[in-house]
Amino acid sequence: MLVLGIETSCDETSVAVLKDGKILSNVVASQIEIHKKFGGVVPEIAARHHLTNLPIVFKEALSKANIKLNELNGIAVTYGPGLIGALLVGLSFAKGLSLSLNIPFVGVNHIIGHIFANYIVYPDLKPPFIVLMVSGGHTEILKVSDYENIEVLGKTVDDAAGEAFDKVARILGLGYPGGPEIEKAALTGKKDRFKFPRPLLNSNDYNFSFSGLKTSVLYKTKEFQNESIPVEDIAASFQEAVVEILLKKTFKAARNSGIRTIVLAGGVAANKRLREEANKLANAYNYNILIPPLQYCTDNAAMIAMAGYYKLSKKQFDDISLEAVPNLTI
Amino acid sequence: MKEIIFDLGEMTKKAMETFAFEFAKNVDEHNLILLIGEIGAGKTTFVKAFCKGFGVDPEIVSSPTFTLVNVYETLSKSIYHVDVYRLTNVEDLFYLLEDQIEDNDSILIVEWADLFPEFFQGDRIEIYLEHSSDHLRNVSIKVVGESERILSFLRRWRNAKKIKI
Amino acid sequence: MNILALDTSTKRISIAYKNETNVVSVTFEGKDKHGRNIGILAKYLKEIGVNFSTLDVIGVGIGPGSLTGLRVGISLALGLAVEKKIVSVPSTKLIAANLMYCSKNIVVARKARQGYLYGAVYDENLDEIISPFIETIEGFKRKVSFLKDAIVVGDGADLLFEYEKAEEFLSFPDPLRMLNIVEDEIKNQNFVEKLNPLYLQKSIAELNFEKRKGGRVEKT
Amino acid sequence: MNILALDTSTKRISIAYKNETNVVSVTFEGKDKHGRNIGILAKYLKEIGVNFSTLDVIGVGIGPGSLTGLRVGISLALGLAVEKKIVSVPSTKLIAANLMYCSKNIVVARKARQGYLYGAVYDENLDEIISPFIETIEGFKRKVSFLKDAIVVGDGADLLFEYEKAEEFLSFPDPLRMLNIVEDEIKNQNFVEKLNPLYLQKSIAELNFEKRKGGRVEKT
Amino acid sequence: MLVLGIETSCDETSVAVLKDGKILSNVVASQIEIHKKFGGVVPEIAARHHLTNLPIVFKEALSKANIKLNELNGIAVTYGPGLIGALLVGLSFAKGLSLSLNIPFVGVNHIIGHIFANYIVYPDLKPPFIVLMVSGGHTEILKVSDYENIEVLGKTVDDAAGEAFDKVARILGLGYPGGPEIEKAALTGKKDRFKFPRPLLNSNDYNFSFSGLKTSVLYKTKEFQNESIPVEDIAASFQEAVVEILLKKTFKAARNSGIRTIVLAGGVAANKRLREEANKLANAYNYNILIPPLQYCTDNAAMIAMAGYYKLSKKQFDDISLEAVPNLTI
Amino acid sequence: MKEIIFDLGEMTKKAMETFAFEFAKNVDEHNLILLIGEIGAGKTTFVKAFCKGFGVDPEIVSSPTFTLVNVYETLSKSIYHVDVYRLTNVEDLFYLLEDQIEDNDSILIVEWADLFPEFFQGDRIEIYLEHSSDHLRNVSIKVVGESERILSFLRRWRNAKKIKI
């Protein structure tokens, strides 16, 4: 089965072609450089670029896959979560294509797409497994019991983990994006110097909270009114708090559900201290840890096509009136 | 243009959430709300409770870190929630707000609005949040432009507080 | 020749279809957003016999108008039009077509951001006299002041008192008139390779800034 | 106020609907007969949100035109309109409405039986100058010969060379213009108790007979 | 359940209201007088009168039944066979009403309506039974195995039985309608004088043919070139041929299907010679013969409502896009 | 107006049916067919086979006794089958044909057309059927008006017959 994947939920315009679950092409046009100067993704600009780029990316994906239009058997497209204006470009294009080629189309949840990316990277991976999804927009613990059975065990109630990194970097006068900056500063800092709060650490659920942590850091810096602020120590102590919160809940989820495989996904998973601690805990408790390389964690259409391939095989077609859902959850 | 400032004094998080919730129900004549205050001052916390006042599930309200603009649909209109901290010039801001610009009947609520004072003019409400202690924020409100309803709400709120203290 | 024409630049979605035997049109104006409605309409068109897989030409109204609405229509059209021919028409011309056979100059005025209007002027043959633009109300009036004997049409018409005003329901594109215009373009082989919305919006942002700044300067 | 307006007097079925928030219209021209198509259209109107059970007023184009087509539309309307208000409009006026804002007299000419035309004449406000009639082509020409500065619209327009001719796609009722006319009638409280098609056809039979007899008499 | 029936297939505009299968009202506006001068039903005139009469008949039926519009639970309407223009008036009206009241509607086959009329006349009648349907437009033998299971065992391949009566009357210089005229003339005629052909009499099927019989009668009259034509004898001999053909096939059908009840329906069933012979045969072979009074055999909406009541109870609703089918068969 | 008469001689029922079937396929320029002949002459039999030539199921073709007009839909046009025997004046006939009158692109085929000679004028084809014996009918055709196709068909048919006899 030849499946076309389309992803335009945020700042990457991407189209991919999969043949029976194997990538034939996966073209990504990133808008990162365009949005950089704004310090974030500007929805209107993102939508404009998707509209301009999509037909070009689409043509390239077809030609790289070396297939003809009418060979396609189905279309998979992200319908949420994401920026409404950006989502609509991909979704409407997919609808037009589905009508024009008279082939079925399916809407894919972007988060589920990220999970299905793992099946591309690790062809032997099979459910069940636990996913810690940590990025600029998401901080979630997911339980993947089966291909279709994915459950959100917990998520952040306020700021995302990546957002906490960015904001603390701002407080400490470090650059953007904050994650790598904090990581660098922490290298020479004392991680035990300050004991920042670990909100919800021992709560009974798997939820996170990072906005109180951010405020604590702010108050800590204020204590050094006339002295110079110990940036490295604060960075290291803050990073330690985040890592502890993230991993404690993740391993608790794995233990309680009896699942032995844990996948760390999203931009924050690039953090070396997080990886180090995760591997240490996995060795100690005998878990299997998978940390996909960053390029498979960023947004791409191959993962959408992969998730779509699954739905299409099961004939779970969507109606042409499917709507974009910016706040789509699992 | 008429400007009236209300100092509502210190509020706990809970008190501020109650205030924001009630405030939302009396804001109908205004569609430009500016939030001014440091990191962690409680701007997003305010927006969450404000949106709840419009029937929006506060779960979906989050800081527009990555997306700069979040849009929440209410039964009557859309709320555009913007964080302008990272923007470097006004042109960028125009880009950011183009979607909102054409949606005449929407509410625009802006974190870090003080960074672009020249942009956010005209009828508006400015909300100042200041750290006073770990668990308290000082809240003051500036109403610019005619709008009896919100003024009388704020008067009632201030008086109620006074009596309590 | 199978033709589909659509416009989503206003609060009305207009779609027309023509094949050898059938001509079908629909319009929809409602509370929900175009992103939702256009799928429902497409489904409906399919069920009353529109064959989207045998289209030869897609005609699209490219604005100016509602940004998101426009993009929904244009990206749907892009999906439909892969390996097919495309005709693009300014949506202002589609609105002017509601006054075909009126011997006056046709001024199209559509609401943009508060205090601003999209506009364009056409003669009785629907030839462009002033191509689509965006202006303050005052700027708009200055721009069209040289016209004698004009009639204004569009949802911004009530802001221009000087001229005769067409009835309100004529303010949005009519699908069958759109189809007619698209057929003319096909006759003239006026096909395009890319579909770019007529945003015009960069200008409103700039103008707006000037105005606000101007306002503030006056005050201080 | 919820309004449904429909016309089935020509080969085009035109339906428009309006409630507090939505305005919807469809047109359909095809090979199949109206009896079949109107049901399909009604079904899909229902699916895109038309609520037939809360209508306040039904507006109907009563011809002249295709006999069976007319009766399909009118009997459907009668079923819809039980215990509701009815507005009736000559279909010729609906066709004339396609030339709103044209300053000429509007002559509507529709094909009837071979050699005959339905006609009617309206001024620029769509007020009747000559009410609907049926005539031979020659008789038609005589009847409108007093008009200066007229434009002819309808599928019979090509039989009248003397006047300017409107484009062919304007020959049939437009649903949104029909809705507008119906709303005007509602404002004026112009409701009717019964719906009688404007057949006019008795006359064609008689005229035809005369003509044929005349022809034979000339020959013998 | 309150069911509205609508019948406009030919020259009667009729609306009826049934409550749980019992008649509350059954209003019929006949156009017979209007069409009489044309010697048959003129489709265009019929359609015009249906359109004028239907809303009036409808109101009367409601008021006679003493019910309110919104009490109705369903609508039954004839959708064929019949005159297309006439059918469309009733069908379109029914669709409008169904949309407006938001209640289901069902299309009823007019012939099946005639069969259901018997359940009104004979409340104890239950399938199975055989029906001989003989009218100006129909000559059919039907096997009613069950309410829904109705089979055409045989039918005329050319003229209907009633049509044969009419045409022979014309040949013999008798008036219109021909059936009663022939019957009267035959009273004093010798039915054995001429042996007219009985086409298909011994064929293996249950089909009829009457156009050859008509021609034979014509040739017979030509034999009397100069003499006066023995009208009564020809009429009696012709009538005898028709009766024999009709009954032989009908009883054969009953015998072969093992069914003991026979219903004679339609205008021709009024013929006394036919009834006499039918009763004689029934007595001889021990069948149960039912010949409903004529007023229950003519077109009416109660029988349509009765058939519709059955479909509605079984939730066999029709789609609003149901078409009129002038040549509808069973 | 040009009038040409073809006497096609005697035909069995089967032969006439074959003829009517082929005739239908060559008739496209004409839309008015008149059938003239006594009771039982074979007019309806002719119409049945004629309609079959247009792809109509002959089962649904029957004498328009009751309804005066039967309408059969073909892929391209409608066939109006009329029996005017019972009509008493021309006005009635107009009523009867009003539906057909507006269907410009239809075929009108009339049994007993000779009863209203003044009505059925203009381009037309008249078909005369006469009893010659129990099983034979004499068939002759009058073509009125220009129409090369049907004329050449009839010529071919007549010549073929001549050769056969």
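Going by the order they are written in, the chains are A, B, C, D, E and F; count residues from 1 in each one.
Here is the rule we go by: a contact is a pair of C-beta atoms (placed from the backbone, for glycine too) under 8 Å apart; a residue touches a chain by one contact, two chains touch by 3 or more.
Nothing here was measured: the structure is a model prediction, and the numbers come from that model.
Path length between chain A and chain C in the touching-chain graph (shortest route): 1. Applying the stated touch criterion, the connected components after chain D is left out read A, B, C | E, F. The best fit of Cα atoms from chain A onto chain E calls for a rotation angle of 180°, in steps of 5. Separating the CA-averaged centres of chain B and chain C is a span of 36 Å.
Remark: chain C and chain E have CA centroids separated by 60 Å (rounded to whole angstrom).
Mean C-alpha positions place chain D and chain E at a centre distance of 39 Å. Multi-chain contact residues of chain E, defined as those touching 2 or more other chains: 44, 84-85.
Looking at chain C, one finds that residues 40, 67-68 touch two or more other chains.
Touching two or more other chains at once are residues 95, 98-99 of chain B.
By the touch criterion given at the top, residues 12, 21-31, 37, 40-41, 44, 47-49, 99-104, 151, 166-167, 169-170, 174-177, 179-180 of chain D touch chain C in their complex. Those residues of chain C that touch chain A in the shared complex are 35-36, 38-40, 42-43, 46, 52-53, 55, 67-68, 71-84, 194, 196-197, 199. Taken together, the chain E residues at the contact with chain F in this complex read 10, 37-45, 83-85, 136-137, 158-160, 162-163, 166-167, 170-171, 176, 211, 214-215, 218-219, 326-327. Interface residues of chain F facing chain E in the complex, by the touch rule stated above, are 38-40, 44-45, 60, 62-69, 71, 83, 85-88, 92, 95-96, 98-99, 131, 134. Listing the residues of chain E that touch chain D in their complex gives 44, 47-48, 51-52, 54-55, 58, 69, 84-85, 88-102, 319-324.
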